[in-house]
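For reference, the structures are reproduced in the following blocks.
Note that chain A is present in both complexes that follow, paired respectively with chain B and with chain C.
Up next is the complex of A and B:
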């Protein structure tokens, strides 16, 4: 097997690797700014200079007299690389000293501080003091560079990663370099800011604090953020992401490298799409009793005194319109609303399954996780196999948005596409369909159940929404209202929850654990970043209690169970899908 | 230890017999009066607080203040170093960017929108002062901090700046941090 040597560590050669990547495998970090695995190589920052040579057949090593950029040098067989010689160390220190010449050193107010490669490398490879006596060149900050991006010009080290990204990845080419030498700057043309759908990635790409996200600017210091591995749920690409939170509030979302899912980047729709999780419009307590539009309590109730909290609202509505009304308002005011709700749901669904099983419908949404769909479908089919399980509408907006764009904004050819924002704005259509397919053999689509709603309405309908945006149009909701009993699980108040007889709060993807299957059949598990919002609990817990399963929800156990029950989910066998997910079906 | 040994180690002491002079009490009263008279001619040992306030050393760690720069703006750059260093978690800052259209803030990027110190939770360790890269937060020698409610002991930015305004004229500025030099962030501000 051909091999190469990094600091006298012998490792195998792998195709299409440069010395930076090979050294990383050997456990040696070669500092670099301008090189990024997904962008073209320019070798301009000079930070990755190393000594390189060749080991000849007779065993002698011939080193090149000059230093070579590790990012530009392919890791070929018999290459000998030295990264810790005095020559290399001196070069690294000099490069850093040069990069810091005009750097303002305003780490105390820089958002990048704590995750800044300039800080890290200076600490590791640089000098402690500056020898510069001249005043530093000060340049104007550019807040106009993009709607979501600010450029702090004097922090820039001119690695041009952002410029190459807009040229090679988004194809929109808004950013470019003006001037040369110490007055070199990143710039946009007047009236053409960097506002493409992938623009937020340049902030992540920037190795220093020059490009900052306006959304996150000055919000939190990064050392207070705690991260959770998650999966973006705004379209069916299912980008791997990292959710950063502090004190149970999501602060930002970053892409997490996953070659199986999306690569290294993500779109701005997903990057800023988590905000519904902290919306004022969240449903924070279960509710029984059909409310008039937008109003929670009935007029009769408001005469008793406006409900002051969600629990009271619940207990009052229980009092008015359910068989649980034996309890008085004062009894229930401080009670946990959930046990009552679970009892109520169980009795309603059981009754319905007994009286008119064929007129009982459950509508599953493509926003559910596989585990949720499995637990709910399993419960309903065990209650009565004649209950209809249907797939709700899958939201599709426009067409797939592919990158890199051509000079006139045209989409690239299929084989040149590097990133796709999918038109299907739901994370888990395939996963939910697979569950329904197993439990019912054929998937009832929305046309079928909607037409039967019109002709021969279902008596009891359970709808799971959990969409971040309005999911069903008013026409569909008015058809659903014909049901004798409409039970809705949803995150946000919307036309559907206003029409419902029973509303069960769901939680957003940053608050729960689950698995989603993306457009290509890749199943990825996401993990909760923050605690559930007050008054809510994970949907899976509701379904677990509904079905009378004992114990707490444990994702891997449920997934292993799914693998044994549903052949399509055989890949879930161990319950763990790893950081990058597993392909379940294609 | 055996029981026998234990017996030997316990000794019972009788109180000394009172003699005639002790039984009379008079010599003891006379000695007491002598002590009192002697002290009447000594220097006072007590402090007349609060009528006369004590002279507190300048490096005393009392109530915090937020300094102003030479233009009267809050000197703090909202870097959160004090909040990070604080072992009692009594500092809470909310940062914001400066208004780019306001010429008086043209040279600044970031400043604290709110800056709250819970003086009751603070342990007056001085770590915030030490962590500050621009010498914006300092502990003054004000030691007699009182309040009627807990709420009024939670100092906001205005209150902390007013402590600066009060103390800066009093000639009792706190001793500067050991470095004696401002950090690079403040150098940029003053240039």
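Up next is the complex of A and C:
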């Protein structure tokens, strides 16, 4: 195997690597600003200069007299790289001194502090003292750079990552460099801010606190944030993301590099797509009784028949006009509504399956995780195999939105496409379909179950929603309303929950664990970033209890079980899919 | 030997009508092109290579070798970029060559294009050169009208189009890859190399970039042969196998504190002293030389003791300067403060740094700020060390930046501090102040 040498550590050559990448594998961090694996190489910041040479066949080493940019130099066989010589160190220190010359050093009020490459490298590679005497160049902050983006012009180190991103990746080319030399600045044209759907990435790309997200600006010092690996649920691309939270409040979401999923970036829909988790409109307690005309705040209890279980009896007895959803804390201090709810559901579903098995329907949603779909389907089919399991609508908005855009905003050719925001606005159609396929043999689609609702309505219908946006149109809801009993699992109040007889709160992806399968058959597990919102609990727990499974939900165990039950999920065998996920089917 | 020197490149300077095709042709013009068209391109390259011609644009690269780097049997267009951005302070030979004798240059362009296989030549002209632009426009038109450009030139299989492009008003547009970027309609940010332009240049095609004076020389080399060219100048150093020699005539631009500034055509290798005293009429107002810029301000300074340095490609380097550069000689008299001179120098590079590379962008601006402070009477001795460090890290240490601008910014600092250090120290220790001239204060 051909190899190269980084500070005399020998490592194997890997194709298409530069010295920064090869050194990283050898455990050596070469500081760099302008280089980014997904952008063209400009080698302009000169932070990554190292000494390089070649080891000859006779074992002698010939070093080049000049320093070379590690980012621009391919890691070829027999390359000898030195990153810790006095020459390299003094060049690093000098470059940092240059970068700090006109830098305001306002770390104390800078959002980037704590995750800033200027701070980190100065600490690691910089000089202890400064000899700066001259007044710094001062420049206007630019809040107009983008709707979501502010530029703190003074802090820019002119790495041009942001500029290259808008040219090479989004193709929208809003950002450019204006002026020259030490007074140059990043700028946009008047009236043409950086508002493309991938714009937020420039904030992540910026190695310093120059480009900041207005949404996150001054909200939290980054060292208070705790992160969880997650997966965006807003479209079927399924971008790997990191959810940053503090005190059980999500503060921001960042893309997490995953070559199998989306690459290094994410779109702004996804970037701000977690906000519904903290919505005022969350369903915070189970509810039995149909709301009238969408008056969620004080739905009228309409119990069907005599109260048959604890929850209904309880809610009837507390106060006719104080349903669970609006009962005050003191009303409910000692009430845990869940055991009663589970009992109620069990008996309703059992009864329905007994009385009219073919008239019992469960509608699954593409927003469910694989585990949720599996546990629910398994329970229902075990209750009675004749219960119909159907797929709910899969939201599709417009067409796939591909990047980089051409000069007139046109889509790139397929082979030139670097990023796709998919028209399918749900994370897990493929995963849920695979579960349904297994339990139902064929997938009952919307058209089929909706037309039966019209002709010969189902008696009992369980619908799982969990969409961050309104999912079913009013027409569909009114058809569903014809069921004798409509049970709904959902996160936010909407037309469907207003029509339901029983409402079970679900939780958003930032509050739970689960696996989704993206458009390409890549299964990724996401992890909870925050506690479940008060009054709610993970959907899987509800399904576990319904089916009478003992113990707590443990994702890997359920996934391993799925692998043994459903051949399509064979890749779930170990229960662990790793940080980057596994391709389950294609 | 210089007494008898007959100008070659400037032969038609000052002659009425010298810009017209008719005059040029009756004076033997387009002979070289006709000869070239009867040879194979490889033979033309060999002639130019044998002449030892080195680029006149600043770097002194062997022209024949540069042409030889192009890929062989390349399918698709090859481009010639003619570098007429001439913005090295002190340099004006391209302007005279164009204004006085456009066809001499255009003939060289046609020959070079034939030799390199270029089907299009872009003549990138400094924007400020309006007169040149109009002269060239006319000359190119005449050529098209007389089958000297366009399809099947002079009945041969060779076709060539020349496009005149006005520059984007920045020094960096003269750096060859900055020029290419600017030509493509972008910001003139020099490219990283490799790939070199010969492999991937304008519009991602193999490209040769040559200076105007270089191409004017090509015309005569084809007409009179390589031996004639090698009869002038300084031969190879027999003790240095890597020295390609300095052959041919050279245009020396002399400006500054001399009695008779101007453009002088002389064989390469004349000494600074001879150039100043014999041709430029000596230092003005009876003063003495303090320093001489040997070839445009990016080359650094010769001191009064170094005036016998031959101004060939090797000479200035031996005296600690960066090189011959554009052979633009600027004479600085003994009444001028080197602090002022260096400040002016640094200010230029701070203004012209394209701003890509951290060391150049920040270092040039910093050096100019420090010198300004020294001029204002607030200098510290430690400033000299800082200036030295800047010069070292932006240009002297090889590899620290993308293009040569930073080297050019570094060398004057290095030379000034080495050769005129006592003057700087005295200036600082006495708390001297320059009387601010209004114009400078505005910057």
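Heads up, the rule we're going with is that the second predicted complex is superposed on the first by the 549 of 586 C-alpha atoms of A that agree within 3 Å, B and C clash if a C-alpha of one lies under 4 Å from a C-alpha of the other, contacts with A are read in each partner's own complex, and residues count from 1 in each chain.
The rule we apply is simple: a residue touches a chain if its C-beta (ideal position, glycine included) is under 8 Å from a C-beta of that chain, and two chains touch if they have at least 3 such contacts.
For clarity, every value in this text was computed on a predicted model and none was experimentally measured.
Following the overlay on chain A, a side-by-side fit with no clash is recorded for the pair chain B and chain C. Using the contact criterion defined above for the overlaid structures, shared-chain residue A:228 touches neither chain B nor chain C, since it reaches no partner. By the touch criterion defined above, A:218 lies against chain B but remains apart from chain C after alignment on the C-alpha atoms of chain A. Legend: residue contacts after superposition of the two complexes on their common chain; A:109 is shown touching chain B, with no touch to chain C. When the shared chain is aligned, chain C comes close enough to touch A:66, but chain B does not.
For the superposed model, the angle subtended at the Cα centre of chain A by chain B and chain C works out to 90 degrees in steps of 10.
Touch criterion not met for A:520: it reaches neither chain B nor chain C. In the superposition on chain A, A:101 contacts chain C only, with no contact to chain B. Contacts of A:181 after superposition: chain C is touched, whereas chain B is not reached. When chain A is checked against chain B and against chain C, the one touching more of its residues turns out to be C. Once the two complexes are overlaid on the shared chain, A:450 sits clear of chain B and of chain C alike. Overlay on chain A (Cα): least separation between chain B and chain C is 19 Å. In the three-chain superposition model, chain A touches both chain B and chain C at residues 135. Against chain B, in their complex, chain A makes its touches with residues 104-109, 135, 141, 143, 152, 217-219, 221, 223. Residues of chain B that touch chain A in their complex: 77-81, 84, 95-97, 100, 109-110, 133-134, 183-185, 188, 191.
Chain contact summary for the complex, chain C toward chain A: residues 170, 187, 189, 192, 350-359, 361-366, 369-370, 373, 380, 382, 386, 389, 393, 397-402.
Listed in rising order, the residues of chain A touching chain C in the complex are 41-47, 49, 64-69, 72, 87, 91, 94-95, 98-99, 101-102, 131, 133-135, 137, 157-158, 176-177, 179-184.
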